[in-house]
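In the two complexes below, subunit A is the common chain; its partner is subunit B in one and subunit C in the other.
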Partner chain A sequence: MSQWMIIWRKELLELARSYKLLWLPLVFLLLGVSQPIVTYFLPDILANAGNFPQGTVIEMPKPQSGEVLAQTLQQYGMIGSLIVALGFMGAVSSERNSGAASMILVKPISRSAYLLAKWTAMLVLVWGSLTIGYLGAWYYTSLLIGEVDAIRAIQALLVFALWLSVIGTLMIAGSVWLRSGAAAAFSALGLAILLSLTASFLPSALAWSPGQLPGLASGFLLGSIPDAAGMIIIAGAVLTAAILYAAVWRMRRMELP
Partner chain B sequence: MSALLRAEQLTKAFGSTQAVAGISFDIAPGRCTALLGPNGAGKTTTIRMLAGLLQPTGGKLSYAGVKPGQSPNSLLGYLPQAPSFYGWMTGREYAVYAARLCGLSAAEARSQADALLERVGLSAAANRAISGYSGGMKQRLGLAQALVHRPKLLILDEPVSALDPLGRHEVLMLLRELKQETTVLFSTHVLHDAEQLCDDVLIIRNGEMALQGSIEEIKNNHRMSVITLHIEGDDHSKQWCVSYQGGAYVKELRRIEKGIELVVTDMELARRELLGQLAEDGIRVAKLEFGHSTLEDLFMKVVSG
Partner chain C sequence: MNESTMELSKLLPIIAPLFVIQLILVIVALVALAKASQTRGPKWLWVLVIVFVNIIGPVLFFVVGRRND
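Let's turn to the complex of A and B:
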């Protein structure tokens, strides 16, 4: 078995023993399922809670099923990326600071294998959690609100997975470049916010920005797919690769305690 | 090259601090070498460079059979000053993981890990989480994980400094066995440990090599005749000690708390004259010793400048 695989299995075991393998999917599932359920029951909830005079009829436009899934993705964009940040902000720096990394990296293994194993373990967990949560949202949406176009839904999921990969990769790179986990989380989330804000303020100038990824994912669900879809996806993949390369580059030159 | 490891003008600066300032030495295969020095001498910095964890700012390191630019990691077993493991793993899991990283198959890794845990006396605790290990247990697990791939050179940073006398004794006994099997380099600030175990010593001070060579050689070259005189606390004897000037045979005179210490050139002459003088002046001698300087004396002298 390759060294990469051995380290990767250790990473997954660590994610399991620290319960990250449990609570990350749970949070995504909770967020995902609550969106269609709350949407469905909202009129009733308002009717019961509000001080409306007897007999008031609350009329709300019934949202389309695609809209509900798009709102779910919006939740994942905010709370989901915060969770990813919490889960991986110390991926490398905590092992480096404690000295655990020194003992592993003097073994005859390559530093890039060590980093890539951490990165793929992160991807597996993030993609897995997102998929589980999204499938939950999809199920309740089709149950309570209406059928969803399967192809569109899957396209949206894949595009959004790429966006979370960008954020997760930023997190891992942050934990390589910075010694403090909080600083890594702050910078990675800051960069992600910067990307999506600039993309939404300058939609034409930054039509190809990876910051358009969350918008593109919603676009698939809402039926408004931008022309630059392909370019946005390529830009997202290239950005992920570039961040990963920077992290490996730094990792290979890193001095260890 | 006959040396297993050769360091030439090895240097490491942290900003303006010269932690290691151009030291050169050879580690011969099969020898046990102690890297000796007081706190802050640069031992850990040197060892981290040897282990490839720090990039030297100057000088050259070469390992036998390793081309420049290639990693020597497969030759090395390393135990840092304060080993840190994955606390959520058990001792056995960690040892197996270390063995697998060194390229052993799953079955080999398991048997090698078990054999080593047995050897360092951790069998009973092998299935407990490392987070519950004591300092001594961690040190022993650290030794086991450093040995999994039968390294040609075992590098240990202060392997016994953090241990109590019993743990210290146990680890030293283990090292005594290990040095029969492989080349060992370990750092310490305790001369006694070095003297007990090692063939060679490298004494560093302020990042510079103060003295190096085999223990025998150093002992012979720096042996001095030393007389130690302790007196009882009466005023007359105290007075005598304060005013004592020594004779032509005295090379060095040190006043110590309980009396005086002399480094002499001619022991026979000194013995005769001093004994006579003491009897004549009626000094209350508590202890009088005619002996040789120990390595400890030399070490203190070398490291204190």
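Let's turn to the complex of A and C:
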């Protein structure tokens, strides 16, 4: 445990030195804040930028506040997971290639403690960034569009945080199994896309698939919660644990230069 | 004319935080670039990327351009 604390602090220092502690939250905040603003000004933007003939009247239904937050989560599902991939695609492989991993693991530190410290540091940063960005989106939504049901919004945030944890854990595992950061990012994002695509194409056969997590998060905001909500959350947690176990398993057997 | 200026005064306080966040990203990236002894690719190119590519420019520099030393 104390071993783990020491490496964990080293990981946080590393995140600060590589500026991830700064740019990940800022990019999430930027994405989150711009969604309600763009939604709010969309009629004005269309009227000014579109090549509409003079006097065209654009009528748009005013969006519900829950819808706007759900769209924000959709943004996080696409650009946000790309950002998480960019941030953590080399979590282990870059340290392994540069020799830093060998230097650390020469000391009496267990490899699982090393990996778990990296994983928790990643989780803290991803959850923190997501929460900051989501709160920004929430604030602007209630300012510009309308009040949001707080309990529903928090439930959606927690479910979405689990989905980003799945993606982040996939990234860490990818960086353990593959030497190249780009390959890790491609395969982890590919798996995440596969999960959510199969879940949306076969909603009844894969009702419990963790790929339903982003849909479930939006469901909380839009007021349509599927029956299998509990099972999806459990499946997501189990999948995260399984990927983490696969990463630790490989880490223990890895040859270091 | 009058309408668009009215919209601008309504718009500005709302979108100002967006610009501030972007500005922070750009400035920190530029400072990191100035302090870095080595980068992947020429420095002047990174200045252009950081300043002109929205949001993703600074992120690309932090992820790809910086060398860990």
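As a working rule, the second predicted complex is superposed on the first by the 252 of 257 C-alpha atoms of A that agree within 3 Å, B and C clash if a C-alpha of one lies under 4 Å from a C-alpha of the other, contacts with A are read in each partner's own complex, and residues count from 1 in each chain.
Note that in this section contacts are C-beta pairs under 8 Å (C-beta built on N, C-alpha and C of every residue); 3 or more make two chains touch, one makes a residue touch a chain.
Bear in mind that the values here come from a model prediction, so they are computed numbers and not experimental data.
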Margin query: Which partner chains sit in contact with A:Asp44 here, subunit B, subunit C, both or neither? Use first/second/both/neither.
Written below: second
(message) With both complexes overlaid on chain A, does A:Val27 touch subunit B (first), subunit C (second), both or neither?
(response) second
>> Under the stated touch criterion, which partner chain does A:Ser98 make contact with: subunit B (first), subunit C (second), both, or neither?
In response: both
For A:Gln3, select first, second, both or neither according to whether it touches subunit B, subunit C, the two together, or no partner. first
Please work out whether A:Arg179 is in contact with subunit B alone, subunit C alone, both, or neither, and reply first, second, both or neither.
neither
In the overlay, answer first, second, both or neither for which of subunit B and subunit C A:Val106 touches.
first
For A:Ser18, decide between first (touching subunit B), second (touching subunit C), both and neither.
both
**Prompt:** Touching A:Leu86, do we find subunit B (first), subunit C (second), both, or neither?
**Reply:** second
Q.
Is A:Glu255 touching anything from subunit B or subunit C once the two structures are fitted on A? First, second, both or neither.
A. first
On subunit A, the footprints of subunit B and subunit C overlap at residues 18, 98
Listed in rising order, the residues of subunit B that touch subunit A in the complex are 48, 51-55, 71, 73-74, 76, 78, 80, 82-86, 88, 97-98, 100-103, 106, 142, 145, 149
Per the touch rule above, subunit C residues touching subunit A in the complex are 4, 7, 11, 14-15, 17-18, 21-22, 24-25, 28-29, 32, 55, 58-59, 62-63, 66, 68
Within the complex, subunit C is touched by subunit A residues 18-20, 22-23, 26-27, 29-30, 33-34, 37, 40-41, 44, 48, 83, 86-87, 94, 98, 140, 144
Counting only contacts in the complex, subunit A reaches subunit B at residues 1, 3, 6-7, 10, 14, 17-18, 98-100, 102-109, 253, 255-257
